[in-house]
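Have a look at this one.
By written order: A, B, C and D. Residues from 1 in each chain.
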């Protein structure tokens, strides 16, 4: 509660003195456990701001909305550590200029919300390194371990089962801050790489392609997983791929805005045990 | 809303097979193809239903279907002509098809130009660039029964001389005494030997100043040209009810189901594509 | 005196229907998702769900459906039709909102050109709805002038008795009567009273909203931009909607053989209306959300005299950013 | 159906090394299994994982990807980029249940004609032993659209 009040005041001040043109935060949703994204442009709107342990959506995707940052003005945004990492990746991929972003960091343990100290991405680098060393316990998934133990056939069947529910609504893509492409690979039809139909093959291809495109970029904010209307455990694939790039290339996505994207860089001594 | 059921096929998504019997390059990337029905039943259905202004879905199996107008007039129903610009997946496949190849056609769909109502009236056709094909269907439908109409004026413009389509027919219309053809290209688009006008269509139209008395105008062109031409026509004194245009939206089904061609409450595929300027003015401008 | 179907007879009924050649379909709670699915026993049905996650629409208009198979030979093209599978079925325990969704889409699939894929399935399905005694925060049928015991689109309506003992049977159509003749031996005459249906509070004033929507001035209202600012265009609302019917036609295969499919599509996608030239009539998310609302409550009723919304509330329930028809119409009511 | 199973393998190779190596195998009259359809690309850096998915979509039983040895790339480091991508993609396929034995990567230089022939032979044999890629072919079958490889 104190954090929320403090931030309301901060946002009002920054809006009043023109430091930011807008702040992106949360407000109450249609039920008590839901929060809606809120775009604060006035002091009245700032009064609607809420900050509690139900504010889980990663809002950073809104920053790449067409035209939002093109006027060079600054925008404030409420982010948890994953969100800060997404901002770093977006900056590293030249999708936004970090100088235009004021971060209102927060995190929670249980229902206790606390503010994170800092305003620009640089202020949080120590925190992010800390997270890298000691990932929160929540990232351990029993299901993931179960899948790892399966053989190829069982894994294939497991994922077929999951993907068979996919309806190709692309909510995962739309909810993902990293999926900012103007034209997604499924939208280009010359050639049509991925079947657009939502049969098992098309669903499989789509989910594999998306997972590949997020390898080394996903920060596990869980937006895709929550957005999926048919509850496919998308986070598992992305977690697995994140582990792969950490193990293989020592790359923890989103540490800093100048971090080189993992699949657009290389080391001459990268492992190649699998290459004949 | 009409309640007639006119399915030729029980499966409304099944196209007719067409053979390409002729093709002609009109302008860079723009091609006209003449298609003939392979199945007499499909041809009979087409003959029964086709009127000028209607459109169809031309397709290549394996690539998909694409919507454009039937460019041939209702007075010549032995074949279908279509003119398209090669730009997407389907039009590229169509452009790669050779004479003798088979393609598909679904249609004709939509409403039509009520040309019986034009009898005895003067006609003014205004068109820009690749939008001449739908107008051409009406022009020939009228010229093939020339005696029924009054004065015929055609104003046609394109960005450059090369972009003018149906050049051979433009020559023919130029030579006809009973057709008044005003040709223009945008400033900078003229070639050294260009002997006609230079200027944008609305400007040229105002210079030509056709009389609005007893006159029907048919305009077709890119949205921006239509917008300014309508202003010019208003200045010349045309009543919106006497101005016809066609809207071409993205379509997939052509039969009012797939939901993408709506402009406001209007299903372009079923209530259009032909509208009077008055009807268009009632549509939400932001949705056009 | 009314006829009663007691719950303990449900298993027998399902067996009976199945032996009469009907596929029995009903709400089923899967491991992580509930939907309408084929069942073999009455006990497989999960009739206690407020509403399955996925709508009834997909049994009539599947997310992807083959339409044509083409084979291209040297001088000819062979086209073979796919027809909707012919299998008589009974859908037991559909919610009244889902059933009305089907009735709402009937005129659309039938005007001028009749979509046989839809009507073939419609013809062969008996829909048995159960009046709702439970609702959640998102249910809004009453706001749409429907009710938890609406009979629209249903062939038989069942009204639950207390303690899950069974249902009062109200046969509404000939088709429904025929399906219940099959199981007549398990029906009993009785004079029980059904549980009252759930009170679903009215969330907005539909008439006021429609009047506002019909006013051409409001088409360009600032409201649309404000309300849809947080929309991420994910289309889950349209895909789960029991009445959204937009689709795409796609070819799969190569130059020699392949198939043409009808796939779900959504007005939330930018590409939905994009012209080849690059011009897009609905180029912003606010224009697309406006289209969705206008289409459901202004254009569609203008054509077919019925709102294209049955009040199931799935759009709000599943929205990742907590938007939905309810909120939009509530806000319009306030204007 | 009594015909013995012949695996269909699609090979994506770079034009400067592996394709030249294949050429050398040919001009040296080395015999190798005819089960491979070679697709030549400018560089391994151009070989997108999409290609591998497309090959599987069209009914391949195995996919071979091959290019210049590290350090030999005509474009100086296309193969280094490719190497990272493959590693990630291979892990992804493995995690989603496509056995890594069906997607094989190798470095073959222009001078290694015999390595090329040997590799093709051994890969063909390995995939023959694995049998047809039934799991994926089942998916293709469900689409109603034919596998056209």
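Throughout what follows, contacts are C-beta pairs under 8 Å (C-beta built on N, C-alpha and C of every residue); 3 or more make two chains touch, one makes a residue touch a chain.
Quantities reported herein were computed from a predicted structural model and do not represent experimental measurements.
**Student:** Tell me which chain's centre, taken as the mean of its C-alpha atoms, is farthest from subunit C.
**Tutor:** Here the answer is chain D, farthest from subunit C.
**Student:** Between subunit B and subunit C, tell me the centre distance in angstrom, where each centre is the average of that chain's C-alpha atoms.
**Tutor:** For subunit B versus subunit C, the centre distance works out to 39 Å.
**Student:** Between subunit A and subunit C, what distance separates the C-alpha centroids? Give it in angstrom.
**Tutor:** Using C-alpha averages as centres, the distance is 32 Å.
**Student:** Taking each chain's centre as the mean of its CA atoms, how far is subunit C from subunit D in angstrom?
**Tutor:** Chain centres of subunit C and subunit D, defined by C-alpha means, are spaced 46 Å apart.
**Student:** Can you list the subunit C residues in contact with two or more other chains?
**Tutor:** Correct list: 248, 250, 252-254, 258.
**Student:** Listing for subunit B: what residues touch at least two other chains?
**Tutor:** Within subunit B, residues 64, 88 contact more than one other chain.
**Student:** For subunit D, what residues touch not just one other chain but two or more?
**Tutor:** Counting only residues that touch two or more other chains, subunit D contributes 143.
**Student:** Let me make sure I understand the interfaces: which chain pairs count as touching?
**Tutor:** A-B, A-C, A-D, B-C, C-D
**Student:** Along subunit C, where are the residues that touch subunit D in the complex?
**Tutor:** 66, 69, 82, 252-254, 256-259
**Student:** Spell out the part of subunit A that touches subunit B in their complex, as residue ranges.
**Tutor:** These residues of subunit A touch subunit B: 189-190, 192.
**Student:** Given the complex with subunit C, which residues does subunit A contribute to the contact?
**Tutor:** 29-31, 34-37, 39, 57, 61-62, 165, 167-171, 173-175, 187, 195-199, 202, 223, 226-227, 229-231, 233
**Student:** Considering the complex alone, what residue numbers of subunit B touch subunit C?
**Tutor:** Going through subunit B, the ones touching subunit C are 1-7, 10-15, 17, 38, 61-66, 85, 87-88, 91, 102, 104, 222-223, 248-250, 252-253, 255-265, 267, 270, 282, 284, 286-288.
**Student:** Give every residue of subunit C touching subunit B within the complex, in rising order.
**Tutor:** Listed in rising order, the residues of subunit C that touch subunit B are 67-68, 70, 72, 75-77, 79, 81, 83, 108-109, 111-116, 216, 219-220, 245-251, 253-255, 258, 260, 262, 265, 267, 272-277, 279, 281-282, 287, 291, 294-295, 298-299, 302-303.
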